[in-house]
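Going in written order, the chains are labelled A, B and C, and every chain counts its residues from 1.
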Amino acid sequence: MEIVLEAKQLKKQYQDKLALKGLDLQLQAGEIFCLLGQNGAGKSTTINLFLGFIKPTAGAAFINGLEVATNVTKVKEYLAYIPENVMLYPNLTGLENLALFSRLAGFDYKKEELMQYLVEAGLPAEAAARRVGAYSKGMRQKVGIAIAVAKHAKVLLLDEPTSGLDPKASNEFSELLLRLSKAGTGIFMATHDIFRAKEVGTRVGIMREGELVDLLATSDLNANELEKLYLNYMH
Amino acid sequence: MRIFRILLTYEWLNFRKDRGLQLLTVLTLVAGLYGIYYGTTEVERQRNNIEALDLLTEQNVEEMKEKFPGEADAGDIGYYHSTFAVHHPDSWAGLSLGQRDVNPFYIKLRLLNLQSQLYDTENVNPLKVLAGNFDLAFVLVYLFPLLIIALSFNILSVEKEQGTLPLLLSQPVSLPLMVGAKLSFRLLLVLGLALLLSVVAMVWARVSPDARVTLWLAVVVLYCLFWFGVAFLVAALQKNSAFNAISLLGIWLLLAIVIPALLNVYVSVKQPVPQALALTIKQREVVHGGWDKPKQETLQQFFARYPQYTDTTEIKERFVWRWYYAFHQLGDMAVEDLASDYLHSLQARYDMVQQLNVLSVPVNVQGIFNAVAASDLPAHLGFLQSATDYHTSLREFYYPFLFNQVPFTHADFAVEPRHSFTASPDYGVGLNGIFKLGISVLLVYVVGLLLFRARSAT
Amino acid sequence: MVKSIAKKEFISTLRDSRFMVLSAAVLLLLLAATIVGLHSYKQQQAERELAQTTVNEQFANAADRHPHRMAHFGSFAFRPKSSISFLDFGLDSFTGASVFLEAHRQNSANFSQAQQSASLIRFGEMTVAFVLQMLLPLLIIFLCFGAFTQEKETGTLKLLLSQGVSLRQAAWAKVLGYSQVVALVVAPSLVLASILLFSAGGFEPASNALLRMLLFVVFYLAYFFIFIVLSVVVSALHQRSSTALVTLLAIWISCCIFVPKATANLGATLYTTPTKAQMDADVHEEVAKGIDGHNEQDERAEALKQELFKKYGVNSLEELPVNFDGIRMAAGEEHSSHVYQEHFDELTEVFEKQNSISVYAGLLNPYLAVRHLSMGMAGSDFEHYIHFQNKAETYRYNLAQGLNNIQATRLQYGDKTTRLSNSTWKEFEPFRYEVPGTGWALCNHVVSVVALLFWLLLVCVGGFKLIENINVV
């Protein structure tokens, strides 16, 4: 299988703290990798390194075989990103926001196509023409999902994507992730939610103080075992 | 009261840790000191220049004595000899230079037609007067509001934005009390600075210690209070810091720049001063027409004004000085109405500004400062009047020599009248201004309190 | 890509009601300033034209006079206002509008607007230039302070960057979008101003006015662009909108309020202006060493006389083919004008030295650079004022010498009574002032042009370099 995301001895040193202590990781196309960990364990640092928002102190991050630090803009063609709290331009409508971000990614969709993506992401059609300023957090999250899906990227980076979504929306989101992974997208998701991780993930990594302390295939585990592991390493 | 004290101490601790605010305070202090230095040296320069004029007059007299060694015809002296009408700066002028840099502070006068000499200008760099004076009044009127805004635009909003407000309000502290305490601390700081600078300026400039000391300090206090009132009013809206900063600066811009500029347009349209050009043209026409008119006709008109010199003997000579000065005098008489209209319309402009200054507190305060320092337009108009009177007294000094045909001796230079004028401060404008200022202060606080009430009610 | 973001900024701004209110206010002020400026320009111009025509007619129709009488009758030069000056009064309100031109004496330019005003005028004048120089930057700051901070605060910046946009591209796009908004605010009044300018028709050639107007607009556009980029850069360097705003406002206050006044005052403190009285006394003293046109016993006049006797091979003044009175007057005028001009040039030099502080401060403060350029193009700067004074002095000199020449060639020696017919006065061309060319005006402001270019380069290269390296998380 094709490796779409890779970390080689990835290190990040902030002024007084080693946030990431040499991460080695490979993600294949169609895989869903869930990164579990406490606040401050290094999950966001990892995602930011893959996004090229920060530069590694040592080692390298690769997206689709390209080193992120030296191809900051180029690698964006292969990845899509949904932040924990999707914030959009409040003065534009949901549709306009999606059109803008898709254009930036190089996709010039017709209006109907854009609507299609929004509806697929779960946004009510009548909301698409309203300004985002009036949206709830969940609605914004759905536009964020639509933006990511519309990009047809090889890698999807997710930072706590389901926080703030109601259970129904979370389930819909899980289904969407499974659909995307079947279509060959590699998904890298940082989360607190071990049950969701078990449900959708193919592999789970547990991170603690900047180190990947365990790496497991979800098919090998039942929920109880997973919880035990989690409690062991993180408390 | 105890809580108020605690809040004040906390503010002091905060201030001691905030390098930015300290820098701002020091900058304002330095700007103020520079303003005082600039104002006093500028006035000192004018004083020195005025002193140097005495020397020029002396040199001129020496030159006359050399040129006319014995007894001279007073007509020659009147033509070649010049003296100065001088406008001494008031001891307060250094604090608020007003229009003293635009208007000349001396006028060189000869016995000739006055109107062609009265409006001569001093060497002035127009770019410099366009930029304006960096005096203490500028620092107080323009920069202090900015300091006040910088210190207090986020008094309430910062507590919200950093999330300390709910914690603070969970203590037995009311919102107005908290805002009041924070404002009081800043008020103490700013007032301390403003009063310190004012007192330093008064000592430095060695002002005459009269009622103006109280007036000036009261205006400074009220003006600072006004701007704190504005900050209080905006804080009462309970918006975020960015909104407050923009609104406060907007108000400052409106009051200190836009409204004055609009007022200036309004006043110059409402009260035009077109007579000046007409006046100069007409006076020249009459004076030079004098050469071509029969001498007797000119003298008849002159004797109507000065009957004591009436002399009906016909002048046979082609040229005599008394006839020459007579038609110069007629030139002035012909434009007397225009000249007085001109001066009156200038005064009317000033009066109109005094009425309209309720629209802008900075204009009002600048007006008070200039009135106190006797450096505005009325002071100059007073000087022009005084110079006119002086010219008349020169005429009265020389005419007996001319018309009674008495020779002018060297000793007569010593008894020639000399001029000195110092404008007096306008207490009327000062008191009227401070009354309006008081009302403005009251108004902002009342509106601010009402807003707070309305906000906390909802 | 850049275009999409620019369009988004443009649309977002147009949908922001607070900003729309502010820009409507600025637009209104601009239009008002245009109309007020034109009104006062027309009024002053009409007054001065009328006055100039009056004195020209008075001169041409003066009574039969002795030519030297006429030289003292003299004339006036009224300074016509340059046609673009209605957009920027510049120094015009602080410089005298009329100079009395007579023999032997150089008079000051009198009756400035500032002398006819209360100190209210010192608060500044409502002109288009004032709005463009002071208020527009403030509007720009308000428009741009959140350019990056807002996106950082809400997290859209990350989303934007994850779509493959570089920080440089995002910054350019924002600059582009904001530029469109600013253009929308200033365009109506600049267009209106141009229409008014060319429908009103000034006294200078239309091509000169057109070129000046064009450069006037270009300089302001460059100025706005500098402020837009500067604001975007400052926004990018901050994490929070409120601190970015405070920084920008501090920059505005120091650039537009503090530095202009401080540099002008510093210049005046460093280089002392001599008083007019002292200057007159110095001129008088030096002239006294030359020929006194009115003094027949003057030693130097005696030397001149001997020289003429030699030249024409005669022994007495009566035998000379020319009138020695006129020759002596002309020689005296030549000498005194020369001395005066030297002192006037020295004074101008002092002023220029004082002003140079502000001019060079333009390298630190784009406001000063654009202010000088704006006045330069509007014809209301220091150099135009001096140009007018010099033209008036040249006219005065030629008028006096022309009359001296008439005296020398048409009158007999010692003749003080003959009156020449008034048709003689019609031989003199009336005073006509032409605003110098655009090239001349521009040459006076090379430093300011360089300063503006320097700033453009600084913000575009240095500013974007800074943006590339900002922290996005």
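Quick note on the criterion: a contact is a pair of C-beta atoms (placed from the backbone, for glycine too) under 8 Å apart; a residue touches a chain by one contact, two chains touch by 3 or more.
Since the model is a prediction, treat every value here as computed from it, not as a measurement.
Farthest from subunit A in terms of Cα centroid separation is B. Annotation: B-C is the more contact-rich of the chain pairs A-C and B-C, by number of C-beta pairs in contact. One simple way to say how far apart two chains are is to compare their mean CA positions; for subunit A and subunit B this gives 69 Å.
For the pair subunit A and subunit C, the distance between C-alpha centroids works out to 61 Å.
A separation of 25 Å divides the Cα centre of subunit B from that of subunit C. Annotation for subunit C: no residues touch 2 or more other chains. Within subunit A, no positions touching two or more other chains are listed. Residues 44, 48, 51-54, 72-74, 76-77, 79-81, 83, 85-89, 91-92, 96, 100-101, 103-106, 131, 144, 147, 151, 157 of subunit A touch subunit C in their complex. Per the touch definition, subunit C reaches subunit B in the complex via residues 29, 36, 39-40, 43, 47-48, 51, 54-55, 58, 63, 65, 69, 72-74, 76, 78, 90-91, 93-98, 100, 107-126, 130, 134-135, 138, 142, 145-146, 241-242, 245-246, 249-250, 253, 257-258, 260-265, 267-269, 272-281, 347, 350-351, 354-355, 358, 382, 385, 416-417. Interface residues of subunit B, counted against subunit C in their complex, comprise 31, 34, 38, 41, 45, 49, 52-53, 56, 59-60, 84, 98-99, 102-104, 106, 108, 116, 119-134, 138, 142-143, 146, 150, 154, 161, 240-242, 245-246, 249, 253, 256-258, 260-265, 267-269, 272-274, 276-278, 280-281, 284-285, 288-289, 291-292, 318, 346, 349-350, 353, 362-363, 366-367, 370, 375-377. For subunit C in complex with subunit A, the residues that touch the partner chain are 1, 4-5, 8, 11-13, 15-16, 154-156, 158-166, 472-473.
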